[in-house]
Amino acid sequence: MPMVQINVWKGFEQEKVDYLIKNITKVFTEVDVPAEAVEILIYEVPKSHWGVGGESCSIKFKDIGPKE
Amino acid sequence: MPMVQINVWKGFEQEKVDYLIKNITKVFTEVDVPAEAVEILIYEVPKSHWGVGGESCSIKFKDIGPKE
Amino acid sequence: MPMVQINVWKGFEQEKVDYLIKNITKVFTEVDVPAEAVEILIYEVPKSHWGVGGESCSIKFKDIGPKE
Amino acid sequence: MPMVQINVWKGFEQEKVDYLIKNITKVFTEVDVPAEAVEILIYEVPKSHWGVGGESCSIKFKDIGPKE
Amino acid sequence: MPMVQINVWKGFEQEKVDYLIKNITKVFTEVDVPAEAVEILIYEVPKSHWGVGGESCSIKFKDIGPKE
Amino acid sequence: MPMVQINVWKGFEQEKVDYLIKNITKVFTEVDVPAEAVEILIYEVPKSHWGVGGESCSIKFKDIGPKE
């Protein structure tokens, strides 16, 4: 405990993945959760498979984030 | 709010993905949820990694849906 | 297949839950997925446990949706 | 994007929930993700329903964290 | 690794929960995964919030499993 | 019901996937759940995207499990 699942757009850089793992774990330690207990899974979801407001992000946010 | 996660067999066509995003969002608006608040994530899972009744779908449903 | 998981704010009315189950299943049938194959799970998450922009929805959206 | 789902033991204090929402969102802003785009859902799972090493946490970790 | 999330109908007996935790962990050890690495989370979802074939299980399966 | 979601490291062999599907389903039948009702989805997550104790598994467990 805890178990964290993070969904990001496909193409999210590895160094950002590493940064999230390190610093989100740190946030948990600040509320007295031991670092070793923190498990974080990160899923990359293509913008074409992520809908907001009825439209896929590959259309709605084509100029933001990773290109598909 | 709401946040929707949909698992489908790998190979699900993009036009069907777009149809789901558009029309599932519409269903939410019919219960007074604003379209912009609806977030939909779609995960493609290989039939080989989807078990029903103790068997993977790539065996149990080999003649249905996308080929693997 | 498919398997759908929907997260909504705690207090979402049952008749809306029933409406979602019925009509989201219908959307799937419109892309040639048999109704019987569609499984939908709906989770109610308290607004106090749902964060947007760094703030819980029980603060950020205290005047919208179910009261807590 | 991103969408974060966090599972913690039932009984996790609300002030810790608020702390996580605020500071995990901050971590995302540090990798150039706008705060408003960050959605965090927190699920409380009873220790009796959380297994590690073949045993429920209400037995394995009965002296740690919230009592059940 | 691995991390297992199990959804069952609300009212699933605790002794069955314990049985699942113990014996699903055992299955993993049979494919060379150390028991201590296996984390299992079990969520109880009301039959009223679980749809199959366009209908909630509290209607479709009212005579099966826990009463609501 | 039930619906099971399993996260494993990317590179988990298919014969182990098949073993899990078959034998986890069997465990459910031992608590009176019909095999046909058991749905199991298995997600492969790269070790680079799986954090434990603030570090990705591709670093922390580089000598264990599948190579990346």
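Things worth noting here:
Note that the chains are named A, B, C, D, E and F in the order they appear, and that numbering of residues resets to 1 at the start of each chain.
Criterion: contacts are C-beta pairs under 8 Å (C-beta built on N, C-alpha and C of every residue); 3 or more make two chains touch, one makes a residue touch a chain.
Keep in mind it's a predicted model, so treat the numbers as computed, not measured.
Contacts with chain C and chain E are shared by D, F.
Separating the CA-averaged centres of chain C and chain D is a span of 20 Å. Per-chain Cα centroids separate chain B from chain D by 26 Å. Between chain A and chain D, the centres computed from C-alpha atoms are 15 Å apart.
Multi-chain contact residues of chain E, defined as those touching 2 or more other chains: 3, 7, 20, 24, 39, 41, 43, 50. Pairwise chain contacts in this structure: A-B, A-D, A-E, A-F, B-C, B-D, B-F, C-D, C-E, C-F, D-E, E-F. By the touch rule above, chain F contacts chain B in their complex via residues 14, 17-18, 20-22, 24-26, 35-36, 38-44. If you check the complex, the residues on chain A that touch chain E are 3, 39, 41.
Within the complex formed with chain E, the chain F residues making contact are 1-9, 16, 19-20, 23-24, 27-28, 30-31, 50, 57, 65. Those residues of chain F whose C-beta lies close enough to touch chain A in the complex are 7, 43, 45, 48-56.
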